[in-house]
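Same chain, two partners: subunit A is paired with subunit B first, then with subunit C.
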Partner chain A sequence: MRAARSKLLLLLPAAAVFVLFLVFPILIVLNESFHTFEPGRIGSVEGGPLTLANYAELFQPVYGQYFAQTYVLAICSSAVSIVFALPIAYCIARTEFAWMQKAAISAIVGLMFLSSLVRVYALELTFGSAGVLAPLMSIIDIDTNSRMYINFVILAGLLQYSIPMSILILIGAIKNLNPRLTEAAMSLGASALAAHLTVTIPLSMRGIVSAFLVSMTLGVSAFVIPLILGRGRILFISNLIYSRFSEVANYPSGAAISIVMMVLALLLILVMSRLATTLERA
Partner chain B sequence: MFTSRREFLKSAASAAALGTGMSLASAVDARAEETITAVEWGGNYGNEMKKLAAKQSDVKINWQLHAGGALAILPKIKATWPRPGVDLLTGWDASWQAIAREGWAEPVTQDRVPNLADIPRKLLVKDSAGSIVNIPRTTTAYIWYYLEDKVPFQITKIEDLLDPRLKGKICFPVPTLGNNLQVVMMALHNGGDERNMEPGWEFMKKLARSGNIGRVATTDVDISSSLTSGETCISMASSSGALRVGRQFKTRLLSKMDKQSGFRAFVLQEGWCVLKGGRTDAAFKFANFAISPENNAEFNKAIQGVPANMKSKIADEAKPIIFNNEEMEEYVYIPDWAFLSSQLDTWMKRWEQEIAPLL
Partner chain C sequence: MLSTKERLNADVTFRTKALVSAKPMLSKRRIDTLLAIAVTAIVAVTALFLLFPVVVTVLMAFDGRDYIGPFPPTELSTQWFGRLFEDAYIWEGFKTSLLLAIATTAAAAGIGALAALAISWMSPRLRDVVTTMFLSPLVLPGVIIGFGLLMFFAAFHQLPAFLKLFAGHLIITLPFTIRMTLVGLAGISQTLREAALSLGANERQVFFTITLPLTKNGIAAGAIFAFATSMDDVTISLFLSDFQTYTLPLALTTLIKSNFDLTIAAAAVAMISLTLVLLIVLDRVLGLERAMGHGANRIR
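Up next, the complex of A and B:
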């Protein structure tokens, strides 16, 4: 009993910080989302009536498109990043040379320190419609002004974050995996590919799901990447939220979009966790 | 260390005198040089204003830059009101309307800003109590312009923006930039105005479907970067930006086009507002210094604007955006700024719902 009380007391500072800096601000945003906005004013009307209009507005099909656009690109970037990150992480985790492992991890961590703006502008200067590769794109008949192409460049921007992050997460997951299990499968006649597909991947599923979710979080909440690489034509939910809060000062509407985005993210995490559990049991 | 009690007391007295002297000196300094926080636009606006501020020693300024359009800072002020931490705020017609509605501005009087006597009364914006909220420093115009070397034909009418030869070549400002004057102009050409925007939105949809919009700009810097990098070659922006690009590229300003062309110039004014609750006297003092005939001329010459002070000399470079009475009638449209600023939320939503999906 005393031990349990001590544990609770130890948790108290962390819980207080959590409540003060996360729960309380989210409750303020939630409260704001039910307030009325008066055009031309800054923020919600003080003492005005409560309303669901800010949420009702989001049921228009066009806002569904914005949510779909954000989530589809974020899911694509997460999936692609897992495809690239898994073999790299496997090689790093299983390398015989400790120095090589250290160098690879240092390089990936170092990559994470590179400013996001530098990465985004590097992509813009390379793949933008006036970028270094623009003449080449023109020769192979790729329209750098098309929506599809802009989506591709945004995807490349998202991968710049999600691949290194996924590698770091998957290294841990693969290191925890007993290498003899894969070797056993191969000694029983399975090909290397079959051994990885039937042993390595299923046993790393928790790590894969974690990497996917972290990449997904980075993708869904991306702001600078769509802002610059999207040329103002492809808007993510974060861009809409910024516009509502900062450019038109419609706090209630911005708050409603934020809450919907958070609920969708929580639902996605729930679905992914369930999926991972099912796959593990299978 | 001290050989006698007398010597010790002498040293202590000297140290106390020195300390008192130093603190008195710093108090005198503090009175002579008061520090205010001013929010200014970046680029040459900020650089030139800093140069101007360096010419005086009465007011020390802690500079901050606008992040985005002039309206973007207003929510931040609201969040920290009544202690916004900003004394002097730069803005333009659209932001003055919002500030007047919120009642944030310290009333501007000629007693506090004597140089206001040389500013045209027409440029002064008043709040509901009848108090002046702004200190104008520049008049400028919001106009279309293009890089002549990059556009394959001469643009003479607004319908030319739909020409397939301009595919991906237009940098179009988002409604929150320029208070949607870009769509107001389309409405005017098609029989509407700022209160009847349907014709403007219809034309805007055609333009969005045409594929000619290569970038949607959210800041003035987006526009100048897009044009100077070669990404796009035609846009609508503040004349200061257009003239600045014109220093490096061959540009054509569509500022004095006949009404039938559809291109209109929107004359607007930029300046300062002193926010309540801060160091208002020092802020007024600096604003008054900066709008003196010489200083206002110097600043506007550098930013390619027209001085708001009637006694200031106008630079030759700014002549394309100076309009006499006849030209004002022929080329210029002055919208109802108060109405415009109240419609921004509606227009931005309309942009998100009807235009952005077509881009």
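Up next, the complex of A and C:
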């Protein structure tokens, strides 16, 4: 009994950090989101009446735009990264040269470990309005200041991380497949394309779903990418929350957006992991 | 990569030709050729897309011109590195970042290793629940953690920014150290423990002579993830810093927005070098594939 208790003591520091720096802060955000905002004050009024106004406010179309902006770009980046990552992951998983596989995986891990700021700066330097490709863009008549173009640059920013990560996840999924299944399909007369569409893709569905989920989670909570590449013209939900703190000091509103964003993020994980289990069973 | 596919195709054609007439095979072969071309194109385009910006940044950091001109640079020099080393603003951020990353890594590695040990002794069901709970900071949007901590610390007046940053970085690095230590622990065969126990060692001796040495690499890998995460974080640090205490990523974010020049490219080259060093160490202590299999979803 004493031994068991002393073993649980080892968990204490981590549990303390977790409760103090994660659970408490989130509860404070939750509490704040039900308070009224008084302009000119930092934070809400202590002991004031509780209100749902901060949430009701979010039904205005302006806010819908921010949420739509974030989710559309996140879904696009997840879908595009699956389409690009799947064939690449297949090639890497099935290559017969061990050194080639090792080199490819090292390069991909290297890209993922790269500081997000380096990645964002590299994109801005390459595709930005003051970047090295700007002269080329003006030749082929692309306006680097248009909303559409900024959207594309943000999408590129999301893809810089989600493609390598999806490749890594899918390599694992494809390695678990028996290569003989695809071979069997082909020897029975299926073309390589048909074999992959009917054998490889359905059997690696769990990997595809989890790659999609991770890309989505990353996309919807992206902060630095839209902060810099969006040039203040395109904001994600995260940036909106930050501006509630840095520009108008409307904490209750920022808190309400945070709670909605968190609930949506958790719902996404729940739905996607349910989906993965269902597909697994099917 | 493609040779496998081509050989397979040839193989299939060879095998099926005997059975079916050659005519429908042609269109099938055309489909397969198209697929092979499409796959090659996807690999090439993706490699270009992922690597080109990095190559541009590295080469532009050595640009001899005074302005951001067209790529590639016409003359090379190390002037931007010179400016980087003279930039007091970036240096100050770097010092804070390094100190913070070292403190965070040490604390997270210690606390994480203890927690992972306790978790590994739990029943499988409880283990899953507790692990999921401790890994949750990875999937929660960073803004929410930052915003929450900001309001939490507002209750304590005059807390130094460094301590706030430390707390913020601790909560986002702890998941990595816990997870990687668990990976290290999972690799230890139970028979080793039992053998030692049956040979007369007590629990304590088993821990110090078997468990700890074999978990060392997992803990080290977790520490590397923690260090990289701490050196990289912008989202949470932005809420917790002040005008005196700021990290390197924050300094660079401000510079990218206010003074977009190639000094930042030079700083990026320095950070890329640091990443390479960390990767080599990670490969040595745990192996890249094994480490990434479990740490892959580094959300931010």
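Observations on the model:
Here, the second predicted complex is superposed on the first by the 238 of 282 C-alpha atoms of A that agree within 3 Å, B and C clash if a C-alpha of one lies under 4 Å from a C-alpha of the other, contacts with A are read in each partner's own complex, and residues count from 1 in each chain.
Methods note: a contact is a pair of C-beta atoms (placed from the backbone, for glycine too) under 8 Å apart; a residue touches a chain by one contact, two chains touch by 3 or more.
Here the structure is a predicted model, which means the values were calculated and not measured.
Annotation for the three-chain superposition on subunit A: subunit B and subunit C clash.
Greater residue coverage of subunit A by touch, when subunit B is weighed against subunit C, goes to C. Of the two partner chains, subunit C is the only one that A:11 touches; subunit B does not reach it.
In the superposition on chain A, A:227 makes contact with both subunit B and subunit C. Once chain A of one complex is fitted onto chain A of the other, the partner contacts of A:87 are limited to subunit C, with no touch recorded for subunit B.
In the overlay built on the shared chain, the residue A:55 is in contact with neither subunit B nor subunit C. Shared-chain residue A:235: touches subunit B; no touch with subunit C.
Look at A:245: by the touch rule set out above, it reaches both subunit B and subunit C.
In the superposed model, A:130 makes contact with both subunit B and subunit C. Of the two partner chains, subunit C is the only one touched by A:189; subunit B is not.
Contact with neither subunit B nor subunit C is seen for A:149 once the two complexes are overlaid on the shared chain.
On subunit A, the patch touched by subunit B and the patch touched by subunit C overlap at residues 43, 128, 130, 227, 245, 251.
Subunit A makes touch with subunit B in their complex at residues 37, 39-43, 57, 60, 62-63, 65-66, 128-130, 144-145, 147, 227, 231-233, 235, 240, 243, 245-251, 253. Residues 3, 7-11, 13-15, 17-18, 20-22, 24-26, 28-29, 32, 43, 84, 87-88, 90-92, 94-96, 100, 105-106, 109-128, 130-133, 135, 156, 159-160, 163-165, 168-169, 172, 183, 186-187, 189, 191-194, 196, 214, 217-218, 220-221, 223-224, 227-228, 238, 241-242, 245, 251, 254-255, 258, 261-262, 265-266, 269 of subunit A are the ones touching subunit C in the complex.
The touching residues of subunit B, counted against subunit A in their complex, run 68-69, 71-72, 74-75, 77-79, 97-98, 101-102, 167-168, 174, 176, 211, 213-218, 222, 229-231, 341-346, 348-349, 352-354, 356-357, 359. Contact residues on subunit C toward subunit A in their complex (touch as defined above): 1-5, 8-9, 12, 15-16, 20, 28-29, 31-32, 34-36, 38-39, 42-43, 45-46, 49-50, 52-54, 56-57, 60, 68-71, 110-112, 114-115, 117-119, 121, 130, 133-134, 136-137, 139-145, 147-152, 154, 167-168, 170-171, 174, 178, 203, 228, 231-232, 234-235, 238-239, 249, 252-253, 256-257, 260, 264-265, 268, 271-272, 275-276, 278-279, 283, 288-289, 292-293, 296-300.
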